[in-house]
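All chains are identified by letter, namely A, B and C, in their written order; residue positions are counted from 1 within each chain.
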């Protein structure tokens, strides 16, 4: 898959990992150019059978993606709509499409991410942020709107209700440690450790079968949208989606021959074991 | 809006903030008087266009709201009902109505809150509690019932399943630090810092447009009750609900004229910026 | 109820607490024997009116339950199924049945729990794990499948989406402190404190009325599968389920006679009070 002709970010792909580096204007504003680029990126990722992990980072040392372009908001409609008339907004559609690409997606947050910028980060699978540099804010309540790039919908799915309400209603900055404590990010890291942490994680995931990665992530997203009985059936569905395309059975045959489950030494070394089995195809 | 003639609490309203101070008998028991007062309060808040934030505190230095009045329970029905026959209980209706008022609501928890008292706190948007003084308990399992003022329903929406089950099944006291770690409160604070913390938060929110506050909070509550696609449509619905009534567009026009998104200095100062824009009407 | 003739664990029941001690082969593999035993255990627990709490522990100092038997996976189907055709898998059915037994269930995790072993732990109500000994991993993504014993469905109900995705996609070990921070377990404990902690909790719950325990736990599980209005109705349903069978009313009559809610001293001592009332039958 060729990842070229983007205007707001650069993409390097290879060894099953793509790195998207935002680099647009002074502050990586999220305007029509970036939405078009993200939509085009999603379209390619959906068809890419080689890339398994996508890291989203910024070339700007202070800003990841700043926020939605206010220029686009100055002409927005001011007419109320009915529940039935409500249509997905462009930012919502793009974030949702990015959210469900078959790859594992990681936000490497080394600078500010506010408003739509932070909503894009929330639409990715995992988020890691740098202490002393990262800040996030949902300032929409102060601007007369609400986080409408999926932020109001996705926040409580990360943090629980009370903290989602505080974030959404206070329109203040939260730093990396606060974000970790509330659950909007997976982990706060020091500036000199985020590269290693994210790369190690990405390289680990990139060894695993693409169909399993997709099955795992789609199922985790489905899980909270369904009652448990329906969620369990979805698990079974995704299991056979995966096994119909991955060398799972062969791996288990070999594992069985090796007496995997009867060996205490193997139990101590599962972290290595799961990597060694990746060479079986 | 006049906030008078309450028997179980006092209300002071002004500068867009109302402060409800529970002060009833020895221990702020949650009986018919308090439920009637809370219902009447909710009715007024729903029509109040001036108040944007409501703080709930107690005049009693040891107790916020103690628990539901056991006198009301001694005559309760002991007949099982079918799923279809189950009707909302008074405490549930009142807590749910308070939960959805258009204002941002804050529980300032400086003393005990157990049973129905804690369930009322869970029905508010945000909770802050004092170390060394606050304790909460859901003791219902020990009394032969279950938390039925919304507590069994709302607990896991704050904490996740495992911790909600421990809270509900153990009927023990949890202090402020435990509450923060489990997620039932937003933050544990020292006794000498809670006033500043809650007032600063309330005053910040009180500057924002009332319609945005309402849109943000209703949407966060909706978010976890709906699959993501439906939640996103609800966001779009609430966006236009807000913009049809707030000066959002004017603010973005001015922000655009000021070149907001292209300025690194502005990005560093969004916390101030979002307050300065409140003067634009 | 007699708890005999199990092949993969031993059960000791008495004083309203049953202790299930896994002890099967070298590493407590989760094969057909264990699933059959767990199913048989659930069938008995569902009919047991004396046991109120079940503790699940291991005789193996290094392993709780290691993982699903890979031998069973080497012959699994590799045909994709439609959404409608997807049937519950054996491991899912057994875990779900164990999850909903009327007793409060506790995983006492003193060793490794990976794959299906960890999914069984997630199906229990509460989890406590020992620092320095416990590790968990969902390695399925690396094996070409996904956690399909309820793990993909239940993870985000404990941790929120981002951390569930990291756990499911990284296939790495997480220790007790990480598990506590992410929310997969209730609490990390030192090796010399877990016995006391779990026993104290179990003995406390074991004093409470069986019907209340069941009502509380079923309702907490229902809560996140339903919109708030429906969840509240379910609370009312479970209330009358409980009061139709427990001495709740009598307890409240006595509490009322004792002037419980008007006494500040009682408010300070609710932890004891809720235990004293257990002697009223």
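What we mean here is this: a residue touches a chain if its C-beta (ideal position, glycine included) is under 8 Å from a C-beta of that chain, and two chains touch if they have at least 3 such contacts.
Just so it is clear, the model here is predicted, and its values are computed rather than measured.
Superposing chain A on chain B by their CA atoms means rotating through 120 degrees, a value rounded to the nearest 5. Interface residue usage between chain A and chain C, two copies of one sequence, is largely distinct: under half of the residue numbers at the contact are used by both copies.
For the pair chain A and chain C, the distance between C-alpha centroids works out to 30 Å.
Shown for chain B are the residues that touch two or more other chains, namely 154, 157, 160, 221, 224, 226. The touching residues of chain C, counted against chain B in their complex, run 104, 125-127, 154, 157-160, 183-186, 201, 204-205, 207-209, 211-213, 215-217, 219-221, 223-224, 226-229, 231-249, 251-253, 255-256, 260-264, 267-268, 270-271, 274-275, 277-278. Of all residues in chain A, only 25-27, 29, 62-63, 66-67, 69-71, 73-83, 86-89, 92, 96, 112, 114, 137, 139-148, 150, 152-157, 160-166, 168-173, 221, 224-226 touch chain B in the complex they form.
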